[in-house]
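Dropping the structures in below, format is structure tokens.
One chain, subunit A, links the two complexes that follow: it is found with subunit B in the first and with subunit C in the second.
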Partner chain A sequence: MNNNPTDLLEYKEKMEIKGKIDQYYKSQEMKNGLESLKRIKSYLPDTYKGLYIMRNIVFAHLDFGPILELAAEGREFTVVSGLNPSSPLHLGHKVLFDILLFLQSLGGRIFIPITNDESFVDGKTKSLSESRRIAYQEIIPSIIAFGFDPEKTHIFVDSDYPDLYNFAIHLSNKFSLPEVTTVFGENSLNTPGQIFYRSAVQMSQILMPQLPEFGGPKPVLIPVGVDQHPYILLARDTAKKMKLVPSSELVFKFLPSLRNPENKMSGSKPETAIYLTDTPDVIRHKIDKAYTGSLSSLTAHRKLGAIPEICSVFSLFFFHHPDKNLVSRIYRRYKSGKMTTSELKEIVKEFITNIILDHQDKKKNITANNINSFLLKKPLRSFLEY
Partner chain B sequence: MGVTIDSLKYYFFLGLFQKFLRQAGLNVEAVINIADTASITNREVDDKEGLYSLRSQRVSFLEKIIRVYGLDIKAIFMSEFAEKVEYRQKLETVKNYSNSKTVKSLLEKTVLRNRLKQEKDSGYRYSLEEIALSLLFNIKIGPPREIYYDKAALIVSKKSEGDTFFGIYLTPTYPLGKNFAYFIIHPDIEQFGVTPYKAGSNKLEDFRIILGKTSIGKLEELINTSFISTNPALPNPVFDLYVISDLARKLLTKDYSLPVYSLSLLKNISFLKTETIENVIKYIYKPLSEGQI
Partner chain C sequence: MNNNPTDLLEYKEKMEIKGKIDQYYKSQEMKNGLESLKRIKSYLPDTYKGLYIMRNIVFAHLDFGPILELAAEGREFTVVSGLNPSSPLHLGHKVLFDILLFLQSLGGRIFIPITNDESFVDGKTKSLSESRRIAYQEIIPSIIAFGFDPEKTHIFVDSDYPDLYNFAIHLSNKFSLPEVTTVFGENSLNTPGQIFYRSAVQMSQILMPQLPEFGGPKPVLIPVGVDQHPYILLARDTAKKMKLVPSSELVFKFLPSLRNPENKMSGSKPETAIYLTDTPDVIRHKIDKAYTGSLSSLTAHRKLGAIPEICSVFSLFFFHHPDKNLVSRIYRRYKSGKMTTSELKEIVKEFITNIILDHQDKKKNITANNINSFLLKKPLRSFLEY
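Take a look at the complex of A and B:
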């Protein structure tokens, strides 16, 4: 039986989307001078790969070697990863926090700036107080619920850690406005607050662990989405000017939007994201409405198969399920057309609902004392002394 | 500083290969060239007396190796070879045919980056001498980096209508007692390894076996803490040592067939480590300490 031209056209269009996504990551790697993880992966023992390196979700790096050297010698290394508290955490954030947990298991000491100043200067919250409330009531308990070690995790809300701003002032003469504009683009530098935050405050978050208060210069790893790479370049330049160690970088792929596999899941667009606060009904509804990698006609799906790489539903499974054999089996069955989209959705709904309910249970038990044990309170004075 | 165990790889392979070719009916003369002039003429080396002492140390060591393992090879010093008319004529030919861009770019690749300026200033003297010497032989055995000399030598040989020759490259030698991360952050060592005849190459003397110096306890420690991958494409310092000790075994037992190793050896890491420790002690440490078989 010949293939229906409409089906073939739909299949071709979906394959083109897959090609565009592949090309996007390849071009980002080349354009930004990032190094592929391929060579490093060939050396890494399985315990160092974790789910995200194994599945190529973490796909590129800069200077990851010195971090691995510390880890392999059983020595501590430092990781910084910030978060903008303008909405509850979603599954895209979970990818980042799972990477941080994995790095902590290898010996990472983790600094997590909660950038409520960024939320405010970007107009994502109406006031600093609102972004503080979200940070303390929603974001920090949610982060702690992932299972971080309080001895090796330091969380701070920018506006409650004013020493950071002193350090930002200290750094602010290390780069010029044109440099900052080149890195961040004019469109995100509309107000004095945005200019100060994007350049000096953001750099101070990245470089702070190299202050004498935290043991002095050392390799610091920053896991970022590929769109954040320019910030790291500015941080590396700034580090060199300050005789600090240029930041190391691990770059990961986005968890795709539920509606469009070419975009990332975004907290400010609820229809694209599954929040860690969503109820089972909402989760089921969002997955039902998600973009998939299969063709409209069931007959065509059975015949031509699906394209899991562009399927937002399969991505939820691929980015989060720890069982590689199960993920491979479902990938093969879905790709071959043996598994229908409805069957895939049911599996993913159950899996995602379970991990979110589990997270919500853990979050319920987080107390003010728990939060307090994670908050960074160390004064930053070294650059003020005379 | 002493003689590294990995320099044995070249002596053993040369000796075994010669015996193998002789068994096949070819009359082969095997020669080890001791490149003494390169070190002695190196302006950055102040301790010339030390070098002469190292030279005689190497010769007496080589004589012992030849005696213990029954090798039919002879050593020649580059300084002595350089006096021969045949060599001087070849060097002139090489100089005359080495001006092409291709040859120059190959010569550049033979030099470590930090030595490039020095070599350029000297008109690639060391490289040209190496090529001239190579072209006086039919087969040359060396580390992988020498492929660039040999490519340049083949171009010169073709242009000057000389004889062709073949290069055989032994696997690089890697430091022992290093974890996987070391190789990740040292891609240069991954590609070319450490210089076989220089124990202090890359300041890694504590991570190599120096004959007569490294104790059995240290040998075990170095092997047991070494990076080993089951991937044959990656550096494997322990397998390299296993091969050296196996070449020693073959020579001592007069088995002159060329060695073949199964990839399955790499899959059982603990077996490979134990076997290597036992074989190095049995076929290298003991015979050399006794000075005889």
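Take a look at the complex of A and C:
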């Protein structure tokens, strides 16, 4: 039996999407001086890789070397990574926090700015108080539930750590406006708050651990999604002007949107995301509606197979399931067409429902005292003293 | 004897300068909706005028009416006026503080932001710590020495009152960039810190007394130099967007530069200013070198007289001496040519030296405890609560 021309066309379209995504990450790796992780991976023992480096989800870096050296010597190293609190966390955030947990297991001291000012200046929340509420009621309990070590994890909500703004003012004459516009694009710079936040406040979060308050200049690792790489370049330039160590960077791929593998899962578009607050019913419904790597016709699927790389359902499994052999087995069975889309969806629904219910259980037990033990309170004053 | 043509030319040039200055203030009064104080003055009892309104140094206003009503009812009203700490205070600042003291005598509760962030972002000091040091070592002791009431005067240094930055972020989405550029001019907006300071931080200082922390919406009077009027227009627009009361405004004329009556005395140009820290020798020297309203030739001075209105030496007397009759007498004698420039200078030297030595005496006795009793410490949180 010959292949149906419609099926072939569909297959070709899906392969083109895969090509575009591969090409996108390849181009990102090449540009702006990012380095592939391949060379480092070739000599790195598996214990230093973790799930995300092993699977090429973390795929590029800048100056990761000095961080690995500290880890190899059993010494502490510093990591900064924050997020803006405009909705509950979703599985895309979990990727970031899993990377942070892995880095903490290697010896990382982790600073987590919760940027409620960013949510507000970007219009993602109607008020500072709304994003502040989401920070304390949703985001911080979730982060703690992931299992971070309170001794080595420092969380702060920007509006409750206003010393940071003094540091931002202290840095603010290091950038010119055209420089800032080039990095962030004019379209995201419509108000004084956006300009100040994107440049001065964001850079102050990245450079803060190098203040004398935290022991002075040191390598600091910033894990970022690939779209944030230009910010790190600005941070590195700023570090040089301040006679600080240019930031190290790890770049990870996005967990794809449930609806379109070329976009990322986004908290502001509920249909694209599975939130850590979703109920089992909602999770099952969202996975049922998700974009897959399979052809529409079952016959064609059996014959031509699926494309797991562009499958939002398979990605949920690939980005989160710790069992390498199981992931490989499902990849092969789905790709070959032996496993149907419904079978894949059932497996993924069960897996995702379990990790989310487990997370919700842990989060329920987080108290105000737990939260308090994670909050950064150290005053930032060194640059004000005379 | 006929007038010497050179003398006449010099006289004509000086009269042209007077014309330009008169025209400048007249044009300021007319434009942007400022109102002359003449109408209010016509029915105002002298006790509500004070030296500066009497002498037309405070010459225009917006919504001064509601403030006067509160004063007339013996009720408290609110005033905000700050300055950036890049040099010790000079006699130009004393004009502002004398106006504030007068307003306090009418019942004003006064907020004085010392904007060390402004000094730094504008490059007037090399660091935030330098402008912070000037604030505490020079500016605040001077202000206290003027005789403000600690119960009704609230001083804060921006970097030590970082809650203000939260309020600035809270306001920051009320302005668009083009709006800000129009008000402040592109040339003063070169860095993210300048943009954020000029708009959001400055507006937050003006609107802060209307927060629930200070009793909620109310008329707030802002005395400003004439070049700052556009900022008040932006503040009034912002107040409307925030459902607050648009700021009231009093506009005063500049104490002229010692060197050029068309410019203002400026702390960053020492030859134009008499600092409250200057020694008697320096004061005498600066007055000796000052631009005057007299003609070069004594004969011509005797014959044609002087132009006190453009005389930087006479202005020192006119802006500061409390004795109305004495000021008038010297004005007439100098204008008519009966009093020589050297006689005028001797009188002014003695007067200015006395008030400055007196100020220095009082300032010497200001302690850290005194300073502490004036510092504003109230947290600003209402817009963060949920």
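One rule holds for everything that comes next: the second predicted complex is superposed on the first by the 386 of 386 C-alpha atoms of A that agree within 3 Å, B and C clash if a C-alpha of one lies under 4 Å from a C-alpha of the other, contacts with A are read in each partner's own complex, and residues count from 1 in each chain.
The definition used in the following text is that a residue touches a chain if its C-beta (ideal position, glycine included) is under 8 Å from a C-beta of that chain, and two chains touch if they have at least 3 such contacts.
Since this is a predicted model, take the numbers as computed values, not measurements.
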Between subunit B and subunit C, whom does A:130 touch in the aligned arrangement: first, second, both, or neither?
second
For A:121, using the defined touch cut-off, is the partner it touches subunit B, subunit C, both, or neither? Pick first, second, both or neither.
second
For A:169, using the defined touch cut-off, is the partner it touches subunit B, subunit C, both, or neither? Pick first, second, both or neither.
second
Quick one: subunit B or subunit C, who's touching more of subunit A?
C
In the overlaid three-chain picture, which partner chain does A:386 touch, first (subunit B) or second (subunit C), both, or neither?
second
So, A:159: does it touch subunit B (first), subunit C (second), both, or neither?
second
I'd like to know which partner A:190 touches here: subunit B for first, subunit C for second, both or neither.
second
Could you say whether A:71 touches subunit B, subunit C, both of them, or neither, answering first, second, both or neither?
first
Subunit B versus subunit C as contact partner of A:42, first or second or both or neither
first
Taking the contacts subunit A makes with subunit B in one complex and with subunit C in the other, which residues are shared?
none
Can you tell me which positions in subunit C touch subunit A when the two form their complex?
117, 120-121, 123, 127-130, 132-133, 159-160, 162-163, 165-166, 168-170, 172-173, 175-177, 180, 189-200, 383-386
Which subunit B residues qualify as touching subunit A in the complex?
179-185, 187, 227, 229, 231, 233-234
Interfacial residue positions of subunit A with respect to subunit B in the complex
39-40, 42-45, 48, 64-66, 68-69, 71-73
